[in-house]
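In what follows, chain A forms one complex with chain B and a second complex with chain C.
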Partner chain A sequence: MALVKYLKSTDLKSWLAELAQENRVFAPRYEGEAVIFAPFDPEQEIFIKYAATAPPKKTVFPQSERLVDFMYSKDPEDLSRIKIEAQEVLPQGTAVVFGGRPCDVRGFTMFDRVYMAEEATDIYYKARRDNTSFITLACDATENTCFCHWVNSSPSDPTGSDVLAIPVEGGFLLKAVSDRGETLLTSQLLSAGENRVEEGERVCKEVADSLSQAPDLANSPKKLLEVFDNIEFWQDVSAKCLSCGTCTYLCPTCYCFNITDETQGMKGSRIRSWDNCMSALFTMEASGHNPRPTKAHRLKNRVGHKFSYYPDLHDGVISCCGCGRCIKSCPAGVDIREIVLKAIAFEPTVVEG
Partner chain B sequence: MKFQKELKDSIRKALPELDVVIGWCGSFDPLHATPHFIRREEDIEKLEIGPLSVHNLATYLPGLRGKKVGIVVKGCDSRSVIELLQEKLIARDDITIFGFPCTGVVDQAKIKKALGYVGNVESCDMSDKSVVIVAAGKAHSLELSDVLADKCHSCRYPDAIISDIFVGDKSGEAVPAPADYEALATFENLSLPDRFGFWLKELDRCIRCYACRSACPLCVCRDHCAAESREPHWLSQENNVRDKLMFQVIHAYHLAGRCTECGECQRACPVDIPVLMLKQKMNKEIRDIFKYEAGVDPEETPPLLSFKMEEENITEKDW
Partner chain C sequence: MNNKNLYLPEMATIQEVIEETHNIITFRVTLNNQEAMKNFSFQPGNVGQLSAFGIGESTFVINSPPSRMEYLQFSVMRSGEVTSNLHTLKAGDQIGVRAPLGNHFPYEDMKGKDIVFVGGGIGMAPLRTLLLFMLDNRSDYGKITLLYGARSPLDMAFNYELQDWLDRDDLDTYLTIDAEFEGWKHNVGLIPNVLLDIAPSAENSVAITCGPPIMIKFTLQALEKLGFKDEQIVTTLEKRMKCGVGICGRCNIGSSYVCKDGPVYTGAQLKELPNEL
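For the complex of A and B:
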């Protein structure tokens, strides 16, 4: 049986402070009216009452990161000759992320298939992924926007995590999920957890049972391809979309990026930053042609990528973790579940004759 | 809402001549509404208006240029329509405006704050005075006035200023004097470093999704926004707070004298940054200098879109 420990709620901060001695520790914090992941600060309360507004995606895939620093220098003898020196900037140090939810952390497994594939590995992503541990908090309640169970997961799914923390009476039952997770559970603040395993299982089951019956999405890749050329369908479902980036930037599985050079004088950095497929510039080509000229085309891509193209390439795995942030935080209330179900139910009108 | 049936009837009558009518309908839970695009007769029944009709639907109008569009507007939304007409971004002949007497819309952030958690709302009943929300099996009773958007408390135009069809009874009250930006005055009394510190702190959590821009009915640069432009290179793509602030400053300047303070920028922000305040500050200055209020008269020209040889309140030559 995997290592299990118990942590009293009142010891949570002390435990994270211990972990912060050797790692950068991130934890959810209430700020404004939002919950965000921020570097652990013993002076600030850790907010775990409900899932964070933004997932901890940035801890492994920062909103923008320096890839290479570069410097131009001119040859004083011949000013037309310019030399460029470039220095790769690889992420350093280890990190521990506390308080992500199972959906949030499982999201990284969708990244892994793309950025740590056999054919090619993204060294920046891999460096952070390998050096970041996740102490994931199993959900003790679900929200109207939750649908992790639609996409083959659950409110206590440990996939992608190192430790699963299950809220039990007075504290957390900590279950090591990986070898790395076991090494995180050596603190003196933790006590034996075996006697609480049953309670933990009960909590997980109760929460899972509170979710309504999930529809079968096995057909979604095929059905979404069937409506690929049906622009009326996409115009209809995207009518209220405002083309902002809230859904993509809050999404634990959206991994697209842009690379730009930010230069000041003779120095600069090549940085990569989150890109947003809902933006018109996302597919703008140098010629001026844009293969996705309208929001209907762009939303089609977003939904299609997650529920059709990605699963077709990756053993049927849907590239959506069901966290529901895109629904909850959408300023116009676009509901990705509704779109997928509509595509699955879509029957082309048969023209008789 | 008592005039809802009347509204549906008028939409039913107008729909054959229109490509679409935009209103609101129920959303993913009983606490939210969502913009509703009515194209077919059977879509009409889903229409719902009330305190959850928060979205300013005028935002969609420039994107539907060339189509015959019906739009349901609150008083504040109608001001955005007027502003778009003034700037010739939409054609009056193409739009049919349905007005109704608005009694205020909620601020979801206030409800969230009052309840602590709104993730599992089961029901939401609204009356003229109160809101009863059942969440996680527990009923919460709130005063409607406590959860109304700030703009509703100082609203001067509950009835659409411009409309082709008005359902229900107009409030009939005289337009009250403009609000005096009390919250803004309190903020302005802080020291400069404190004010700057406030913005650096608030904007630190900005994720640059630009929902503030996309939800704004008067952000009309569309695919040519300064935020993404590489040439000229106004903003770095680096994740630093000064660039985020820079964008908000650009946004506020672009809206000076055009913004009707509908508050969509702030409502749309997923991380609740109080960005409306920047636009209010600009509007306050515009009001003092030009005695102008945006989105009230379709025949007017916003002061920063016009030119006068001699400005009444700008004494340039004395500098």
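For the complex of A and C:
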């Protein structure tokens, strides 16, 4: 049996403080009106009542990061000649993320297939991914935007996590789900957890039982391709969309990025930043041609990528973790669940005669 | 899994800059690391990202063939921020190169066949790689026909080698421009129309075409009229790209990433893809 421990709620901060001695520790807390993952600060309250406004995506994939630094120097013999040196800037150190939800953490497994592919591995992503541990908080309640169970997951899914923390009376049952997870459970603050396993299982089962029946999405890859050329379908489902990109920035599985250069004097950096496929500029070519000229085309690509193209390339795995943030935070009320179901149910009208 | 940094360009030196037209220049570059240059290997059709440090990167085909490795050649049409900056570079300047990227022309499958190249404007660049590669391995291929068109003689790149191509016995070269031009001795007319006049046989042939989208569209129709089947047609696509290795997520057509699964596609492959060119 895997290692299980019990942590009293009142010892949570002390435990994280211990972990923070050797790692950068991130935990969810209020910043302004949003709950985000921030470096652990014992002075601040950890907020775990429900899932954070933004997922812990940035702990492994920062919103912006330097990839390459470059330096210019002038050739003293010929000042018009500029010598350029370029140097990689690799991430350093280890991190522990506490309080991500199963959906949030499982989202990284969708990154992994793209960023750590056999033929081309992104060493920046890999360095952080390999050095970041996740103590994931199982959900003891769900919101009406939650749909992890639609996409082959559950409120206590340990996929991608190192430790699963299940809320039980007075604290957390901590289950190691990886070798690395076991090494995180050595603190003197933790007590034996075996006698709470049953309670933990009951908590997980109660939440799972409270979920409504999930629709079958097995046809989504095929059906979304079938409506690809039906621009009216996409104009209809994107009518409310403001192209603001909130859905992409808050999505645990949205992994697209931009690369831009910044310079200051004789130095500069090549920087990677999160990008947003809902923006018209995302695919705009220098000639002025844009293969996705309207928001209907762009929403089609976002939904199509998650529920059709990605599964097509990755063993049928849907690139959506069902966290529901895109639904909850959309200022216009666009609901990705409705779009996918509508595409699955779509039958072309047969014109008679 | 290899630990190569996908985003770190190799530093290279521009050996020569050729002014092709009013908006196209060609760079001949060598990697500064001599070992890397010696070991550099690629296939006709592979592309690379050129860096203007401080501005950004853009994707260009390597338009010299792997059979001529004294330098790597890239042609750059001035159209945006990066290309405008690249146009300021001179021989001796430093440039960043990430290459080779992407797939390549299926030249093995073309062995023993007649080859028809149809290039428009800067679209001649990827065809040049394969054309020179085939000329360097001439006995592997049947009859080779080249139709190269541009708006006017002033818009025609690779001027310095066109005469050689015209003179060769083992290559049928046709040049065309859109409208009459003083002193022009070759064809006048749009590429698809001239192609129909030349009427190369589709039998045991492969057509390779590249150019502006509108030219490709009508060239594909002309090829169809001449009896070319989808699987006998090869083209290369362009998209806005950043990473060049299938990660950053913007150049996809459905589940195909033009930067890594392309840029070379057969007509049959294109028909399989969703319609989002």
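Details
Rule of thumb we're sticking to: the second predicted complex is superposed on the first by the 353 of 353 C-alpha atoms of A that agree within 3 Å, B and C clash if a C-alpha of one lies under 4 Å from a C-alpha of the other, contacts with A are read in each partner's own complex, and residues count from 1 in each chain.
By our rule, a contact is a pair of C-beta atoms (placed from the backbone, for glycine too) under 8 Å apart; a residue touches a chain by one contact, two chains touch by 3 or more.
Just so it is clear, the structure is predicted and the values come from calculations on it, not from any experiment.
After superposition onto chain A, the partners chain B and chain C occupy separate space and fit alongside each other. In the superposed pair of complexes, A:329 makes contact with chain B only, with no contact to chain C.
Touch criterion not met for A:187: it reaches neither chain B nor chain C.
When both complexes are overlaid on chain A, the residue A:257 reaches chain C alone and has no touch with chain B.
By the touch criterion defined above, A:268 lies against chain C but remains apart from chain B after alignment on the C-alpha atoms of chain A. Once the two complexes are overlaid on the shared chain, A:142 sits against chain B while remaining clear of chain C.
Legend: residue contacts after superposition of the two complexes on their common chain; A:33 is shown touching chain B, with no touch to chain C. Within the superposed three-chain model, A:240 lies in touch with chain B and out of touch with chain C [touch as defined at top].
Legend: residue contacts after superposition of the two complexes on their common chain; A:94 is shown touching neither chain B nor chain C.
Of the two partner chains placed around the shared chain by superposition, neither chain B nor chain C is touched by A:152.
With chain A used as the common frame, the shortest Cα distance separating chain B from chain C works out to 8 Å.
When the two complexes are superposed on chain A, the residues of chain A that touch both chain B and chain C are 258, 260, 262, 284.
Interface of chain B with chain A (complex): residues 20, 27-29, 32-37, 39, 55, 59-60, 109, 112-113, 116-117, 119-121, 136, 202, 205, 207-211, 213-215, 222-223, 228, 230, 236-239, 264, 267-268, 270-274. Those residues of chain A that touch chain C in the complex are listed here as 67-68, 70, 72, 81-86, 88, 114-118, 120-124, 225, 228-229, 255-263, 268, 270, 272, 275, 277, 282-287, 289, 291-292, 297, 301, 304-305, 308-310, 312-313.
On chain A, the positions that touch chain B within their shared complex are 31-34, 36, 49-51, 53-54, 62-64, 141-146, 236, 239-240, 242-246, 248-250, 258, 260, 262, 269, 271, 273, 276, 279-281, 284, 327-329, 331-335. The touching residues of chain C, counted against chain A in their complex, run 1-9, 11, 53-58, 79-81, 83, 92-94, 96, 213, 238-240, 242-243, 245-255, 260, 274-277.
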